[in-house]
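There are structures below to look over.
Shared between the two complexes below is subunit A, which has subunit B as its partner in the first and subunit C in the second.
Take a look at the complex of A and B:
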């Protein structure tokens, strides 16, 4: 078995393969939770692979909404600290847009002064990605260059060919899985690779057919022309967009417990009014419109300056949850092609 | 020897226009423990705390920093907040100046000698002390913003001949709010011109009353490089005044204050446009942030 070739996994072999992997790793996969597809620890049974990409992105397993940074225990005025080691985990079914989000976060949390909790999880997570052959309604990954086919960033890449999956390794860890579980895999037929290209091209056309695409360069130029004060009046400041965005990563830190306790890190969002407010009461971005503008500037100007990648991956989740019509479709109609 | 090394560190750390955290290592969010070894009362609501790292391996933290850098200070159970370093790396101990503002600063001020605080850092770029050498230096502070400038003033005082004319102007609300009053004499002895002013007159005050800019009119500093820290209104007024005197925007350095949760450019609380005040700052030159403050 060589590292560069492609393989075929029969449909009925997927669950047995995951069962084997789950013997040594926590396997996270899209499953139905109360009728909705969500990434969760897989405990056997059916996978929710024929649904739209779950609203809660798998970034949760790299930057959890709430995590313990460390525990402190006091003994006669001195402290001892403990941190949890990262868990060995495999994420199955991660879509190309979310893979792109991971690359963006690598450029922020993995660079300069690396964020150790993130870096630890990144190192101990195996990614089995799934190409998007049936994109969701609000997806515009094609405009953002993040899909529907994945380019790198995975250990294994699957493409659903109907009767089974085309499997391509993207890292030594991926090759190792193919070797260790080789009884489930057979060499792919060259026709399977052509079928993959055909399906991805179809998916790309499907995305275009569903609606105008939003050129990120045009959005960037359009930001200054938006009436942000007016947009601020429509926005409900619920923070829903940030909660579902796989690139949003604002956080807050707080302690719980005296004299022993935990220092927690929780998701936060720059959309909320108190986000930048100082103890003195001074607030550098008091108006909601200003905060919305900052949200878009960060994704389309500042993050690209820092990482070379757009801070929006075209997953469309923010539009799915926006109740105030301040999502990109409403704000940047003119930037649509 | 210590002073020479600190000087080199400080010169190497500070000064990049858009710098990054200097002494900080890639690390987790675990603080080191520092013992409070001394507490001075600077004003009714401000204490100067001297800290000593408890573990030998952390000792360098107490000298490896630049004037203008800050620490994330923890009171376990209450949380962590950014506090600028008030001491100079040329002098031990490491000191922070804390004014009562919220629950964490109250927690820091409730500490007694022998108590333990957590510290992470130093973070931020610091003043460009390397490029300030050989120049006239004007230092202007307002209110509690003076704490970070005291680090720079003592740094300059300890290496005085490397700098040309040095002028300090400092304004506070009332004479009760003045910090570091016992040190003004030593600064003057080091040939640093010191001007102090208060907003509100009281019986014990015999000095100037008025804005910091009124001191500039009196002292008439020669153009060179400037370090500013204080309320935005004061910063704008002083910067405008200095530009009128022939100072240039890239030589006016401003220390900014923002809400922060991480200190390492991740949490996004301190963003100011494209900059993170924690890693790109907190020292910015006026040409970079003039229209943002």
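Take a look at the complex of A and C:
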């Protein structure tokens, strides 16, 4: 293997490659569950790579919806604690939008005082990303600058060229995989790289054609002009937008079990009133409309202030799950370019 | 991580979801995008559907009462004790001293076997479940009017409606996925009419909101029908070709003039007219209702009046039309279908019909009792009077969910033997002689039948905790101990037996249940299922009108306020699951009585004041919450909370036909707590 930075993987070599990787790592990939694509442990079945990005983001492998921080056992008045080590994992088929979400979370959970469980999972996970050459209907990653092509943050990056995949390493771990499994890879033709650029440009145009291209700066400016009271009137408080968002990361911690038990960290959502309600019963954001507004402020003002990145990656999942028929992006019509 | 496709455990919407399973533990849930109801969405309870499954409070070992204390027992010990005590009671006092309450939270397979346990093993028709407290009036009313108590159309049919009348249903909180369909229809141009004394979110979003006094549903329904007749908006062709009894009804409803209706219900006559025009003029109109309609001592009349409305306007048998009784539990429809009712076998074959009984006797290989059994609330009376001595309760918590809590306590305490199967300790397991720990919805295989008659697969995602077992195994074991063959290798084999004895499930098998399930009637293996009922004809031939009149409403000067009860978005029933789901419990951690600020001012009460609510049945102390959501003169308490049980106040006034108690209207008085 020479110093070339791009390789080619034939379609029929993908499964044998994953089988070899699965000997030492848990391989997570989009698989079909009762006919629907979902990220789950790959056990040799068919891959669901031609489907829309699954509704449940692979971010849950970094920020689980529910995790045991540690277990506690009481014996003769003394407590002992135990925790599980992070497992070695390879996530295959992570899309650029979710990869961007990971970068945002790195800026929060990986910042000055890193969150140890997160950092542990981050270190023990290999990411094989997949560029989006056929974006989903509600996607607007292009407007948020997070897709359809990935820019960094992966160990390996694949682009589906039809007859096979263009493979580009993005880290020493990626290069290691290419070396260790080199019989599956051949050097890419310069034409393959041009083909990748052509496909991504097409996908980007497709996204802009399908929906209004939104500009995050304009959304930020439009937030105060939105009729939040009306949006709150229609909101059914399912919390789906924040539970499905790959960037949302708020949690609550609770101890379950006396005298022995577990300290759990669970996904929380600012759409619920209990999230901001204080012990006294006072709530700085008592109305649903105010909580929705806060959600957007977090994505477009607070998170950018903290991380330099927008808290929205344009995956479109919040609109897909909205129970109250609140068309998320029509809220910002005037912001559309 | 595995993702397991299954069905939500809460309301009757029957949403498809994935459980996320890591190392044998359920760590999350997400909606199924391809499922016809959830369509990639869920309500807050759905997103948190399995959060309670690994809670440390789960019952993990069988318990048996010894010397007044509950101690650990083995499965063999508790099952043989249960079988022996049931046999002894049957020998001493006859089979009708025994009863089984099945669970609308259980699978079809479990309900079928428990109903079989009552009939084939214990030899009694004393079998019932919570449907008695929710849609018994629909089974009776719609059964009489249309020939089937089921929802006539699938939920997605609402998307094609031109007008939707929602009554007695807090849809956005209780059936959020149905609400999502209704709101989508409204955004496509449908007129939304909401009839509810409370200003629920649904009422606030409605185009027309009518707020009748509690208990006056027959009046406004007859009033709308009267206006529709006056305006010439009835479907005469449909009435002539497909119905009977219209002239008697027509003669009756003339009395319900807008002025008279306003006097009885308090609905301004102009608003009633607007609603009548919107409903009558729509090419496709639908009626959606729930507990606010049925939980009255005139529940069956309320249902019959609504059925009149859809029949007179020809709104049956087509997409976008129909009548939608929204089922509260995810499998209350299935439990009824499985014959967990005192008067019918699976598929609503009447126990009094000798031909049906002979068929079931042949199928089950034993003789069966001919007289219909006791209904759920009647069981409590019978127990209190000593006529009922042994009861098996599956996953129900009558101590919180039944009317007149003190009486339920006396009834259950006076039993000679009480066996309770559940997933968590409850106020009812506390009274049991044996407690059987069973698997939750996420720990077993089977099927649920949703409110739209959709039979769907439920899949095991994790192992039951400790020694807990799926109840299908418990029921089969008890059947064998009581001398009935029950060698089922899996729930799938139980479904094979169900489809062989239940005509409407004749074509249903696990292999055929894909992501969308199958809607009954599905009589044969090549039948595609039936999403819209009554398309060409009714099972009873012609649809029947009923001339139903407003019932006299008792007023009591000692109890000047009217209490109505219900559920919150964040809790389900007696809270055994949702109060153990951290985010849901945090959202609504305690009970409160909703009082209109005008009433509160008269009582000298503010939000947060502790008040005593008293009725003729009982009293309780509870925090007050001031809100315009309830009208002046009406107060509201959700019934989830054991520490302030709303059913301490409700009475057992039963609807004469369906035996449902009038939970939705109780005269009360309120004073500040000392």
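The rule is simple: the second predicted complex is superposed on the first by the 331 of 337 C-alpha atoms of A that agree within 3 Å, B and C clash if a C-alpha of one lies under 4 Å from a C-alpha of the other, contacts with A are read in each partner's own complex, and residues count from 1 in each chain.
Methods note: a residue touches a chain if its C-beta (ideal position, glycine included) is under 8 Å from a C-beta of that chain, and two chains touch if they have at least 3 such contacts.
In this text the structure is predicted, and so the values were computed from the model without any measurement.
J.: Look at where subunit B and subunit C land on subunit A after superposing the complexes, then choose clash or fit.
T.: fit
J.: Pick one for A:81: touches subunit B only (first), subunit C only (second), both, or neither.
T.: A:81: touches subunit B, not subunit C.
J.: A:206 contacts which: subunit B (first), subunit C (second), both, neither?
T.: So A:206 meets neither subunit B nor subunit C here.
J.: I'd like to know which partner A:72 touches here: subunit B for first, subunit C for second, both or neither.
T.: In the superposed model, A:72 contacts subunit B only, not subunit C.
J.: How wide is the angle at subunit A between subunit B and subunit C, using CA centres, rounded to the nearest 10°?
T.: It is 80 degrees after superposition, to the nearest 10.
J.: After lining up the shared chain so the two structures overlap, which partner does A:35 touch, if you call subunit B first and subunit C second: first, second, both or neither?
T.: Only subunit C is touched by A:35; subunit B is not.
J.: Check the residue A:195 against both partner chains and state whether it touches subunit B (first), subunit C (second), both, or neither.
T.: In the superposition, A:195 touches no partner, neither subunit B nor subunit C.
J.: Contact-wise, after the overlay, does A:236 reach subunit B, subunit C, both or neither (first, second, both, neither)?
T.: Only subunit C is touched by A:236; subunit B is not.
J.: Once the structures are superposed on A, label A:20 by its partner contacts, choosing first (subunit B), second (subunit C), both or neither.
T.: neither
J.: For A:290, using the defined touch cut-off, is the partner it touches subunit B, subunit C, both, or neither? Pick first, second, both or neither.
T.: neither
J.: Let me test your reading of the model: by the given contact rule, A:114 touches which partner, first (subunit B), second (subunit C), both or neither?
T.: After superposition on chain A, A:114 lies in contact with subunit B alone.
J.: How far apart, in whole Å, are the nearest Cα atoms of subunit B and subunit C in the superposition?
T.: It comes out at 10 Å between the closest C-alpha atoms.
J.: Need the overlap of the two footprints on subunit A, from subunit B and from subunit C, as residue ranges.
T.: In subunit A, positions 252, 254, 257-258, 261, 268 sit in both the subunit B and subunit C interfaces.
J.: Can you list the subunit A residues touching subunit B in their complex?
T.: Going by the criterion above, the answer is residues 69-70, 72, 74, 77-79, 81, 83, 108-109, 112-117, 249-255, 257-259, 261, 263, 265, 268, 270, 275-280, 282, 284, 294, 297-298, 301-302, 305.
J.: Going by the contact rule set out above, which residues of subunit A touch subunit C in the complex?
T.: My answer: residues 28, 33-36, 38-41, 55-56, 60-61, 64-67, 233-234, 236-240, 243-244, 252, 254, 256-258, 261, 266-269, 272-274, 281, 320-325.
J.: So in the complex, which bits of subunit C are touching subunit A?
T.: Contact set of subunit C toward subunit A: 1-5, 18, 20, 22, 27-28, 30-34, 40-44, 46-47, 51, 55-56, 172, 176-177, 179-180, 183-184, 187, 201, 204-205, 514-515, 569, 582-583, 586-587, 608.
J.: For the complex, which residues does subunit B have touching subunit A?
T.: 20-21, 24, 26-30, 33, 54, 76-81, 101-102, 105, 114-116, 118, 232, 257-259, 261-262, 264-274, 279
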